[in-house]
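Next, two complexes with subunit A in common: one pairs it with subunit B, the other with subunit C.
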Partner chain A sequence: MSEPKGRGAAWTEERGTSDEGRRRLTAPRRRAEDTAIADELRHVLAGATGRSELLRITLDTPLFGTAVALDSLTGTLLLREVRHRFGVDVAREDLNLDALATLGTLAAFVSQRTPLTAGSG
Partner chain B sequence: MSVSRLPEGGAGSLVKCVVWDLDNTLLRGIYLESLPQRPPADPAMAGLLAKLGKRGIVHAIASKNPSEAAEYAAQATGCEFVAAECGWDRKSQSLARIAAVLNISVDALAFVDDDPYERAEVGSALPGVRVLSPEDAAEAVDWPEFSPAGVTAEARRRADLYQRRRHRLDAEREFGGSREEFLRACATQVTIAAAQDEDVPRLHELSERTSQFNSAGEALSAESIRALIGSPARDVMTVRLQDCFADDGLVGGCVIDRRHVRVWTVPLLMMSCRAMGRGVIDALLTWLARSAARQRAAALQVPCARSDRNVPLRLALASAGFRACADQAAGGGRAVFRCELGVPWPALPDWVSAPGGS
Partner chain C sequence: MLPVPPAGCADVWWLDITSVAVGRGELAELSLEEHKRAAAFVFRADRRRYTAAHVMLRRVVSGYLDIPPSSLAFRREPCPRCGKPTGRPALPFGYGVHFSLAHSGDAVVIAVAGQQVGVDVEQQPAGCVCSMSTDMDADDAEWGRALSEAGRHELVIRWWVRAEAVLKCTGEGIGHGIGEFPVLGSPDGPVGRAVPGGPDQLVAATSVHGCSLISLPAPAGYQAALALAGDNSAIRLAVRAPWTSAARRPSRSEPPVR
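Up next, the complex of A and B:
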């Protein structure tokens, strides 16, 4: 994958230092982070498959279905990148890989396991 | 079935690729300091390269030199290198990249370097790598991890197949369409067939070498495979793969247990990681499900070792609609992935030929 893990870090920094971010309560901030996680996952998917149209998929798009057509190769790349960027080992925690049902389920799975952005509270 | 347990990586498991340093290791001297002359190959090391190559072990280079040095080393040693990392990064990073390019675990690498600092760096960053001095290497080639049991036709062609794989990956990167379109465009042919006696050595070798796509997590002896081929209500299947880039030969296989007519069990499902991303495992799972359904089985199950290494296999199973249920008999280290056969399965793509047709 060509894109380094910097994207996530840059985003956190932005979010962490903005005044708006500081004023937010936990719940809305969590929702905003979910959106950002989903966005980052779209980039990872586009990188793993080489298909830029995946940058526009909705949260309810199935990952194994025809639209994304995740297979063992692209799936392995996706899981590896999720581990590097978010420190979440989906394969270890989720035997059936149910987290990979849709973009939204994967984003939620990652979000539940990542601490809220440091420095914004 | 009788199986011999393989250690989980680390010392003892088979080395698939040896990564060589150049200066004062493969070459007698220091490349940049000898210019405009260039140091000759070390004849003892060149001998090891050839010896290991005949056993199906491939070679790569990790060197703090410009990339011309790798080309020169290939010419000087007369040996083919499947990957070369030249630059000034830490060697552990070079080894990790080589493993990624070859799609093998870093634990399947050995590393030979005359510099004790480099050996220590790699040894501490990647504890699964067999780290050797050039003197150790001469002796180590007789260790079991450098001595695969049988050397098959596929093994002898391995270096060449890795090269062709690289050409295919380059072509795929440039190809605009979907993966399926790419597979079609390069005339992919997957052939599923009942195993014959002459397939036994390669099937045994696959059962030893595969980890990312190996449901059993254990090697199956040649005798066991031979016995299964003749057993009633069992099938041993082979999967062959070729396209316009290469004929990869026998890349996968499975054992089917049909003694329980309603629930077919697949005690071993395996595929070479070279065949990853080429539709092979999906074709095999589809064929299995369709064959079981045709003979009125209600479910198909694949008992699977739970490890970090066979995640690609779990992805293939999840993508084909298999679900895990706890395997009481085998304890926590395993899970049985099961698929109900009530819903009709899609037909096999037309590039797959298999018994029973599509």
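Up next, the complex of A and C:
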């Protein structure tokens, strides 16, 4: 397999989160953060697809496979937006993509790799 | 029975899923596995799109073989890169028929050929897709720099459907190879060339990753592309079912699906 000769530069600036502010976390605060991230992921999905019903999917809803019928483009766009908004490269950090099993597993995966927002929990 | 397209040729079938009702007669043509997949959808509209697309796939492929739609047994070939069963869909004995299915929004498109074929269609997403530019080959991404934001969005989707058509043709899928090679280059030009409808159009193709690649005409708000295995300077394209008239409309006397 040959290495790609190069990838396109971003047309928009990445906004990845920094490690600054990382601290020891309590479980209740982490769960609240998971919920906030899940809400943002629902909005990303609804915005990317134009399907408002995706704002109502539950945490145990599978994201890939058939459940919500994300096509390959939307699935890829979701991962790009996760990287863009949270600074978490799911494809790079989770080679088996287990994090993508459900909305809840993705939210938890992202939450564990981002600092808590001030005042959360 | 329809003749399988000869080398360098492909048949294309379009379906607008809003124009069909899928009843019990049509559902009976699907396999147990297809029923299981359909049942897993959370939203009815997604289930309907899936069932309509797979009923149509069975009927289209059946038309090239002396086999009823419900008797077709599809399987997945191994991925040529990783060996997992995620490669091209195929029939157990091949029968010399190659096919590819894609659906997005209300549009379903099926390509049939006598050699490996890949097709993709995408509805223009509602949101910004500029973040995808980092996945593009550098040469492809360069085309977007001088464009307006709307032009960049169109370019990203054009890039995506052309890349995915190639990777479906090779069986690699987007899990491998997306952005590893340029797909927007000449002679199709940076934004492709509209392909007129009707049968037997000879369309100049771009040689990409061992395939011959063309942009397909698509409904408003959609973009589509088709790739054939091998290095053909042009593809002879027969649009068997244009967007405006579905390939075969199931009987509306049947009760609609769920």
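Quick notes on this structure:
Just so we're on the same page, the second predicted complex is superposed on the first by the 89 of 121 C-alpha atoms of A that agree within 3 Å, B and C clash if a C-alpha of one lies under 4 Å from a C-alpha of the other, contacts with A are read in each partner's own complex, and residues count from 1 in each chain.
Throughout what follows, a residue touches a chain if its C-beta (ideal position, glycine included) is under 8 Å from a C-beta of that chain, and two chains touch if they have at least 3 such contacts.
Computed from a prediction, not measured in an experiment: that's the story for all the values here.
In the superposition on chain A, contact is made by A:F64 with subunit B only, not with subunit C. Contacts of A:L73 after superposition: both subunit B and subunit C are touched.
Of the two partner chains placed by the overlay, neither subunit B nor subunit C lies in contact with A:A99. Of the two partner chains, neither subunit B nor subunit C is touched by A:V88. In the superposition on chain A, contact of A:A38 is made with neither subunit B nor subunit C.
Of the two partner chains, subunit C is the only one that A:E53 touches; subunit B does not reach it. With both structures placed on the common chain, the touch criterion links A:A107 to neither subunit B nor subunit C. For subunit A, the partner that touches more of its residues is C, with subunit B and subunit C as the two candidates.
Taken together, the two structures place residues 49-50, 69, 71-74, 76 of subunit A in contact with subunit B in one case and with subunit C in the other.
Listed in rising order, the residues of subunit A touching subunit B in the complex are 49-51, 64, 69-76, 79, 91-92, 95-97, 100. Residues of subunit B that touch subunit A in their complex: 173, 178-180, 212-213, 276-277, 281-282, 306, 308, 311-316, 318-319, 323-324, 335. Within the complex, the subunit C residues that touch subunit A are 37-38, 40-43, 46, 49-50, 81, 103-104, 122, 125-138, 140-142, 144-145, 152, 157, 160, 164, 174, 178-181.
Across the complex, subunit A meets subunit C through its residues 1-2, 4-12, 47-50, 53, 57, 61-62, 65-69, 71-74, 76-77, 80-81, 83-84.
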